[in-house]
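We just call them A, B and C in the order they show up, numbering each chain from 1.
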Amino acid sequence: MDTTPEDPSQMPTEHRVALLSRSDRPFHVILAQQFDRELIQTLCRLAERVRAIAETRQGANFLRTLLSHKRAMLYFTQPSTRTFLSFAAACQVIGLSNNEVRDSSTSSEVKGESEEDTIHVLSQYFDVIIMRHPGEGFAELMAHRLNQMRRSIPIINGGSGKDQHPTQALLDIYTLHRCFSRLGSDGMIHQFEDNPFAGKTIAFVGDLLRGRTVRSLVYLLCRYPGVRLLFVAPDELQIQEDILEYAQRYNITHECPSSLPSVISECDAVYMTRLQDEHDTAGESKAIDYDRFRLDLDMKDKFKPHLAILHPLPRRNELDVRLDTDPRAKYWEQVRNGMWARAALLAYVFNVDAAIIDHHQSHYSY
Amino acid sequence: MDTTPEDPSQMPTEHRVALLSRSDRPFHVILAQQFDRELIQTLCRLAERVRAIAETRQGANFLRTLLSHKRAMLYFTQPSTRTFLSFAAACQVIGLSNNEVRDSSTSSEVKGESEEDTIHVLSQYFDVIIMRHPGEGFAELMAHRLNQMRRSIPIINGGSGKDQHPTQALLDIYTLHRCFSRLGSDGMIHQFEDNPFAGKTIAFVGDLLRGRTVRSLVYLLCRYPGVRLLFVAPDELQIQEDILEYAQRYNITHECPSSLPSVISECDAVYMTRLQDEHDTAGESKAIDYDRFRLDLDMKDKFKPHLAILHPLPRRNELDVRLDTDPRAKYWEQVRNGMWARAALLAYVFNVDAAIIDHHQSHYSY
Amino acid sequence: MDTTPEDPSQMPTEHRVALLSRSDRPFHVILAQQFDRELIQTLCRLAERVRAIAETRQGANFLRTLLSHKRAMLYFTQPSTRTFLSFAAACQVIGLSNNEVRDSSTSSEVKGESEEDTIHVLSQYFDVIIMRHPGEGFAELMAHRLNQMRRSIPIINGGSGKDQHPTQALLDIYTLHRCFSRLGSDGMIHQFEDNPFAGKTIAFVGDLLRGRTVRSLVYLLCRYPGVRLLFVAPDELQIQEDILEYAQRYNITHECPSSLPSVISECDAVYMTRLQDEHDTAGESKAIDYDRFRLDLDMKDKFKPHLAILHPLPRRNELDVRLDTDPRAKYWEQVRNGMWARAALLAYVFNVDAAIIDHHQSHYSY
């Protein structure tokens, strides 16, 4: 093991993506940029099948056999309940035994162990490490290190540093897929559209500077020509330049309006986000007028009939609770979609996706 | 969702019970008053069958298939080891995957989320929420809120506020059932009596003011005409008036003697409780002479031959450890009964009780 | 239950071992002295079979049926990640449901319960208690107490006080077995040698005073005549006299050299350990020159070609990370061996070892 390793974040993106892959599919899942259009569609279709199969007791029991021979470690040293439980539930859906390390203070690090040694140890007991970590690039670095070991297992990034949250992006685009598709009477997509986002306007609203969720989702949406993106944020919290450049490179139309009421009537989807003031260094958020970035029941008249309202949650008052029972509120379903999308992703990484497709085909006529 | 909801605790009890039911059986389990005599007997019988089936490896493996397609969330934001583990073990007995939130400080609430949003999120991942919460009425309010959601799942109250602990009451009455029934050579009840408590004297001893356990159990015992209840407590810690009125309404004979030694020889069962001095506001418990509410080895001569000694545990010195090996000490079995009773209740809520009854009938002759 | 029990640690070892056994096999696993040569060989062979069977999906699923009808409690009130997760993974390998108590502050002890009552309660819900506890002799005392209960379940010692860590010793000797055996092309031992350690030199290096790991392993190695043990430690941290006497009694050759470089070329295995300075009372470790007890890449020229490097981990700088990719570094495999050895031990305690042997025989030709 080299003690002064090459920093993967300095490599070109394609090279990084290649190092995370084996046999042409992601082995480690670290970066939203690993998801190209084909893979996104594959995973969304797979998630939809998992959802459909899980509807029956017999189907749910089938799914639980898929990875009953494997064990997952949820290494979450950054606080998280939602993402943690989403992954835990996803593991249970496909039968993966799950284990956790959540508080680094109970771990061997108190005895002076390096975190890299901790990861090596975990890789001996488990078959996949799902990791949420405050360190930017830590998950990717560990993926590279495990690649050098005799026993090498996949790492799934459950949110790292300030930049990447690829599985959130996956569940978000899966939710958008469902919002923009025709659903059967069973609530399922029977026919997947190749590009349901062409001609649609999607607004990202709020603190776009400090949330990794929006950044990750934009990487995915840029794979869909014809989508129009609105970044609706206070000047101080506008999305970073590199993301706008990314959209530019992919020829994705985008604008940066300065308030939500002025554009809400054009939106096919709004993706609300909360003020991330825990990242404040000197209470700077207090000076910001966040009211212009709030979705209120009063704005209902301006909503398109099929508007989709998303929010990665937790929310504060930027999203009116009185909208919760409106059929356009998709954020509760979005939560549940996270479980299906993550179950699909894990199944794909472990190459049991074909078994899911077979089971679906033999039980459903569409 | 209404932000100023009707407070369910202000409704008449029958109305509250009705709102927690679906198709004539409890959907949510929140209140001890939901258990009428027929339901108590049904659940005790079911618990006894679960216990019998679990005796063999093949039976235990059968039970684990019952709810292997479901996931439970144990949301325990009030500290508890015993009840938590009892539910966790009960889930495992019937194959329910279990997950936990135990420390609200690790949850999204630190990011400003309302606890109601947290419950809504959990309801997306799981199929039942078992909840222990310091807030009086919180479990019931959440049950009402989930009733309004597209995806609505049951809530089981694992102890809320100061008043309700319905599953403890269930395990207690199941234990009393076993104590007052003739057991077969296999240690099982082969024939359930309709009212084994008629003519029996049951004493509740200790801090009856501040323990929700006794309150909940009295609701259940009042369904059995002919039982005689003794509330043996210091004046300052005597059971609340509403419970005495409840017993009155059901024509249940009850008395409030002021020391245990004076009545122990009349008792068929004693239900000991500890001093709950963690609820003291100014150390007022120190002034109380708790010795008259202690069960001591020295009192053994006065015990009826078939006295049943119960305690919800944890205990302090109000229950002499030298009684632990006396066959009349039923408190360890009472602990284990909690697991069976909770497994039975979960099976019942999920409508898999018929499968248990069928399996029992085809494997046991009684 | 007697409140002034006989202290088991004052009994002769054979008597202690007998009290922990039933039907000639360990019921409780508390002391390394319970493992005689025959039992060590049996458990190592069983661990190797579990490893081999787990290689295939079908085999892994078979193993998970072995104890799917049982529930384990991991009662770890002394901080531990590695041993905890090793046991948790081991339980999952053989299908044991696992549950945990890790922080005694969340338990009923805050309500004034004795720890003995806690163990009695746990024994009602679970079928085995795996215990890591700071109290010397606590696990053994609880084993004796449970022996007196109507419901009596096994206790497995996962590390107690300063002296005993029998399952670590088991995984260490299993690792040494694999290091000194001829492996097939599948990486498995096809033929177990009766005494692979005769004529071998094994060095224990570092803080031998304060680590229970080495103490426990020496008990096991003394069962193998012809092995030569080197205790390489600073004078202040040399292994305790009782262990040297134990080796003496078994006629095991042993020496106490004062630096590693002077003896490394003679070693067939080195067992490195870190400085346990968390046990310092006044920072006394700082005065110790630990450099002479460090294994460095520079010493590679002196290594025997088949040297086996072990470390119980966590490590600090006493073991050079640049050795990690050397094929003689066996410490990552040692970690994984812990999972197999503990799975084998649990299977043995629950008498399902025969099923493992049968399955192995019908699927493997050796």
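By our rule, a contact is a pair of C-beta atoms (placed from the backbone, for glycine too) under 8 Å apart; a residue touches a chain by one contact, two chains touch by 3 or more.
Owing to the predicted nature of the structure, the values given are computational and were not obtained by experimental measurement.
J.: For the Cα fit of subunit A against subunit C, please give the angle of the superposing rotation, nearest 5 degrees.
T.: 120
J.: What's the call on subunit B versus subunit C, same or different interface residues, using the half cut on shared numbers?
T.: Mostly different residues form this interface, as fewer than half of the numbers used are common to both chains.
J.: I'd like the Å distance between the centres of subunit B and subunit C, where a centre is the mean of that chain's Cα atoms.
T.: Each chain reduced to its C-alpha mean, subunit B and subunit C end up 41 Å apart.
J.: Tell me, which residues of subunit B touch at least two other chains?
T.: none
J.: Which positions of subunit B touch subunit C when the two form their complex?
T.: Where subunit B meets subunit C, its residues are 54, 57, 60-61, 64, 79, 81-82, 85-86, 88-89, 92, 102, 274, 278, 313-316, 321-322, 324-325, 332-333, 335-336, 339.
J.: Flag every residue of subunit B that touches subunit A in the complex, lowest number first.
T.: Per the touch definition, subunit B meets subunit A at residues 1, 3, 65, 68-71, 73, 97, 99, 101, 106-108, 110-113, 117-118, 120-122, 124-126, 148-151.
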